[in-house]
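Per-chain numbering from 1; labels A, B, C, D, E and F assigned in written order.
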């Protein structure tokens, strides 16, 4: 349990520091949390130093082999110790460093989040879990680096770090999944033991490359090194933490962790070694020319990471051992140096070595500490840096797979060492010696002791390790290396003096050469100018990103030009292609076996009439009213066709819908341009014609295919059960209100929704109508011609009677609620046409919303009624009543349902037409509102 | 018969009608009714989901006319999950909407209820024509909601959405016409059985019918080249509506999954797996195009809209492998992407209101008013959507990667899904840093800019607005925490979906299955 | 025939009952009952739309006018019109607008007159001036305008005025 | 007969599609209406063409047309009507909001 | 029975003839107002006589009298003149009579 | 004999429809087209009646009556559009 707590505690309690306003409380809580984790970690120390690997595991998501399982290997322990130890020092340091106006609580929250994720990485037993923590470090470091978010360099640095490391993480996900599948488990214990399986598998190269991508991006290896220096925009405590012991070390940690299973192949060597070597040299070279203290340290960090990578690439046990040792040393002196750089920055107001100089007389203690740190960094004897670096040089001399080119490795290593000495000397001499600096932003002085303390501790460690390696470092290093190398762990005696050997010689060369380089630095600076422009990957990165963005914009604009015409064309085209595809290469006959039925002249001519009027609609579409009339003709012939082919109900519906549609279209046309400008280009018109012919032809073909084939249908059932089961002889109507009543319910719902949506669209909306007609004549004065009024009023009762007739017979003969509704609606509309809204509206003193809504309610309740008798929704029931004199007649629940349909139709159609009619006339709106007000008053009354 | 199955349809229908009856009453009444209804539906769908997980496939025979003659609603694990997701999302969106959005136009709450009816109906129905009807219910109310509040950009985008979908509806009918003309039935299970027996000379026509329908579903699901309406429609409509619409594209996904496993599945004889060669490539291209849109867009809401496209591409690419594991993974991914995009739409809306004049455009502006809270919300949603740990995006993505790895196209799917994630990372990182960090003025010597207090007159959001968003976001960690049970559920769903005989047996009984198998299906 | 509080519109009620029976093609008692029911109920709904009560004062004249004069004229009219239409040389036609001064201002009378004119020999009433004083009629073939006017006024307007004014 | 019917339908669909591809809202609406008619007929004949066999049960008749497509078409007609009504009003609203009846709200006449 | 058949046939042909005549007028005559006469009168009467034919036919071919066709005729007789009036009014609004030789007293 | 009459009637009505169609296309004025459409409505009605007799069924009667009603309404509406522009005002 407490294993899991080590990483989870900082993660889960990270929010606590930001709860307080008081800066000391912020720091104390953070320290307390980190300290607790440290104690938990130390409680594992005995077991670890006995060579055991404490484990704890809970199953979490088996589907992705994600288990909440942790392990404390020696290596993990060392790392966790670094993370927490340096973390604690950073907490103390930051307390003094972070300025008043910065939100310190939030800083510690981010820090703890990051700390927890790092601990998670180094303590995970499950690869997927490790992956989660890995990406978490990307997020939390993003927040830390961007802490001073008002600075654009901070923002860009943070985003670059996020994208590079996060992106590498994505590659690593793939790599891990492959690795896990090769091994058949995602538990490290199993994986680390599966070297043969992995190397034998054909996916090993891909797996290796993907995982290395993750590691190299994280550890800023060439060519991804560039994000790290830009991360220096972060507050110094962050840099000190991320770039000494933690984030950037995660990459090399992973290399070392998987060293047992992945290493030992030529591929490993030929990828890892060169990358490490290049990084080592390139970064060391760059470091010499950085005027910014932190910049110098950043490149030095990159170069040291390269060193470690190179060591791991070489692949010999001792190399790995050295790598572990150097990880430890580098963390110590680099963290300290970052803190000192921060102190200098904090007390002088600048980190620019061109401006800084002669600080010795102001801050001798800081100066001394810096000298110690730089000595360690340069690899001066008696400092910890020297020990691991000399072991490293010794390793580079060993045989490797470069064969005849093996000498490259030691050469590069020595050069890098020379550069390291040079920039170390520069950091000391340029800053603390030479003539005292004038015009510094601040008057320099020693920092408060609390701020210096962490650096003092770390430098003390550097010296002590340098002097007594076997007592101070060896145990930890042995345990750590042991957990990686297992039996292969070399029994190595870390010592300052190994006698006169090649490695020592190289060290000396490095020290002397470095001093020479430093003295000749001015020449070097000139020679370096070319590089200062090109060697920073930032430009490239941003070029790539912005290229991506602009390319994206171009492509998007290209595809989505915002033209509906194109989108519709695409839709039609896509469907034509989809529909046509099955026929390509299908040898089955297209026309089916059934014979075609003969054509009689009347039908033929009516068909021609249909075709002509359809084409006329398209031809005349510019002169819109004419097009409407043509469309009316089409609708008329269609209803004729329905009659001709035995569908009286369809004919009734079609004809009424068609007329209402035409009225609707004309009402709209009154408020729209009367003509359509000829604006389609010739090419466009041809494209459209081809497309539409393809669509039409396709449908004709499909229909011919269907009509000439036999099919057996469920229709027979309806015909049999219509009368006995549905109580009606008009099967179509029985299907509508009974067999498929649910469709009809949905259908009237659609009508109601249309009413609502249209009403909403037209609410508080006005359009000006033209003052003259198409020919320029002013409108006729006579708004409501007398004759029409005189005729339509007596017509109304007759029409209602007809509607009742159509409604009642619907169940047994063509007709029904829908058609009846449309009849009533159109007659009401006739009233409006003849007498106007102002006259008519008050005479129908009920809100159409409510009519149609009641229609829905009635329909639904009819359906629900059947629950009472224990039947499913919409189960119809009917019975024949025998009334005296009247005789036998039928009562069917379907009638009630049809009544709902009727009301919904009347309500919605009226709602739409009246609202549409009144949007351009003020008095009409006044009337309808007053009608509503009336109702309100009534309601208020009782 | 379990009347609870139709409750998610009848409740919103009735409540919508009642709200319309009270059209002239106060908005408060409408809000109360709407909330009550949505809350109830959420509870009911939760119960149904529970039943579906532990029970067999249930069928509701409307009008007591047995299939294949009457219309039926079918509750299997998939449909149960979908209606639950829909109802929960709708409830939370409504909670957000009653903070003013609903007053920007008329009839919002009635339309909202009918929207719910349409979506739930589309998920539940077992009848192809009834599916059409519910599509129309869903679409027409969505038209109303998309245009709710008006404004030039919104109206134009809405008009494109409307007209395209109207064409789509016509195409749907053509497809149904062809299929009915050859199979003579509308019940999807029955169609499957009849299709299994269809003679070879009808093969091409039947396949054509199926593919024509796919054209419509692709439009609904927003696949390339038919998603161009989406970025504007979702980007410019009101936030709660956009958030609710996060589930609308999923309707298309659902229908594709349903129709092409049930009717045109392995057993479909001459038209078996008609979609297999099309879906995967189209989905992958959509994924790419969507990702391009994500990096390209200059407006946060459009960025999210494109992420909807990406998520559809991802889902259908994974489903496009038509393997049980992949479908299970898709089922795990679906709720995550739905809820998170929805949350992001709402967050973007709050940010839009608290910035000065650039709204949700990704240009520097004054500091966000409630920078801490909104920043936290944004971070959460961004992490989830970008597929980063510890939130649900990560686990879902992993499950999909693992689910498709046996498929031949796995390298493509893997790399495109991962690249999609990277793009999301880039876009959201940029968006977050512009909105929360890169505040006015633009010069980089920022201290004095930083010390600037935000201007006055920024609307501040009380808990009433934040709670629904928080609840949406809270879903993500829950999905991770209970990732085990969730993935088990995913497999359970996949088991039903990839073995349609269960569905057919539940609807038509074992004889039908026998008939199906006799036709040589598996 | 004055309406009472139950039967608002006696004429209409009768008309509706007859129409109902016609529609259903039946004289069954049930339909009669239903017809009476509807005949009484529907006027309640439509009353607000048709408050006026047409007063047919001279029923016998009414009958004679519509079922003798009018029907006869319609048939004659059609034969005329068909002859005119089908005659080889339509150039000989003398179409004309004639203005008929009206002696009545009862809108119902005017409307009926206008319709009657449209259905009878070669004339279509095409406009009523805004002051309701003149009826503009289009004649398909009007050799003698005054004669046409006189005939219309004498044969129709007078009769209608008489029928509808007590 | 089948050929005649299919041809009519093809022409209707072609014209409908062509109109829908125009740049102004009104022709598009005309196209939608036309397409609606055509599609309804398509659905209708999926029950085959029958002469004088209306699906109204009569004692003396044995043959009937397939009533199901007719019922479907009735539903489709109504829904189509609702949709056309909505899109008509939407076109009005758009012309008001965008100051142009172009489907993309464009003012200038080019395509 | 034969008388019935003769009667029906007569009314059928007569009606169709009148209807055709109306359309011929619409097709043939020179200006709108002239064309208006045909459909208004001839067609109406034609349909009327077709309705009579149908009434007779069904009265004697099916059980029971069938008079509802009369309704159609009735309705047409009420509405046709109104339509004609309206169309004429519209035409006059469009000044169609001014372009032609239509002396107005 | 009845059949011959029916055939003649059908023929005449079809010709009539063609003539209407001519006027509908030719115009020249809008009232002409509207008049043509109105006439087509009434002739369609006539065709319904003929079909009724031909098929010996009264099932098309309501369609005929309805077409009369709708034809009237649409003619009135269209004419009013020409005169006033505003149909429902």
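The rule is short, and it goes like this: contacts are C-beta pairs under 8 Å (C-beta built on N, C-alpha and C of every residue); 3 or more make two chains touch, one makes a residue touch a chain.
On a predicted model such as this, the values are computed, not experimentally measured, just so you know.
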Could you tell me which chains make contact with subunit B and subunit D both?
A
Comparison of A-E and E-F by number of C-beta pairs in contact, larger one
E-F
So which chain is the furthest away from subunit A, centre to centre on CA atoms?
C
In whole angstrom, what separates the CA-based centres of subunit A and subunit B?
15
CA centroid of subunit A to CA centroid of subunit C, Å:
75
Centre to centre, by mean C-alpha position, how many angstrom separate subunit D and subunit F?
21
Return the distance between the CA-based centres of subunit B and subunit F, expressed in whole Å.
49
For subunit E, give me the residues that contact two or more of the other chains.
22, 24, 36, 44, 66, 68, 71, 78-80, 82, 85-86, 89, 91, 93-94
Indicate the residues of subunit F shared as contacts by at least two other chains.
10, 17, 30, 34, 58-59, 65, 69, 76, 80, 82-83
Where does subunit C touch two or more other chains at once, residue-wise?
19, 23-25, 114-115
Touching chain combinations (by label order)
A-B, A-C, A-D, A-E, A-F, B-D, C-E, D-F, E-F
Given the complex with subunit E, which residues does subunit F contribute to the contact?
1-2, 4-6, 8-10, 12-13, 15-17, 19-20, 22-23, 29-32, 34-36, 38-39, 42-43, 45-46, 49-50, 52-53, 56, 58, 61, 64-65, 68-69, 72, 75-76, 79-80, 82-83
Which stretch or stretches of subunit C touch subunit A in the complex?
9, 12, 15-16, 19-20, 23-24, 28-30, 33, 38, 42-43, 45-46, 48-50, 52, 54, 107-108, 110-112, 114-115, 128, 130, 132
Which bits of subunit C are touching subunit E when the two form their complex?
19, 22-26, 74-75, 77-78, 81-82, 84-86, 90, 93, 95-99, 114-119, 122, 124-127, 136, 138, 140, 145
Along subunit A, where are the residues that touch subunit E in the complex?
773, 775, 777, 780, 785, 787-788, 791, 795
Show me the residue ranges of subunit D that touch subunit A in the complex, using the header's touch definition.
1-27, 29-30, 33-34, 37-38, 40-42, 44-58, 64-68, 70-75, 77-79, 81-86, 88-93, 95-96, 101, 103-104, 109-111
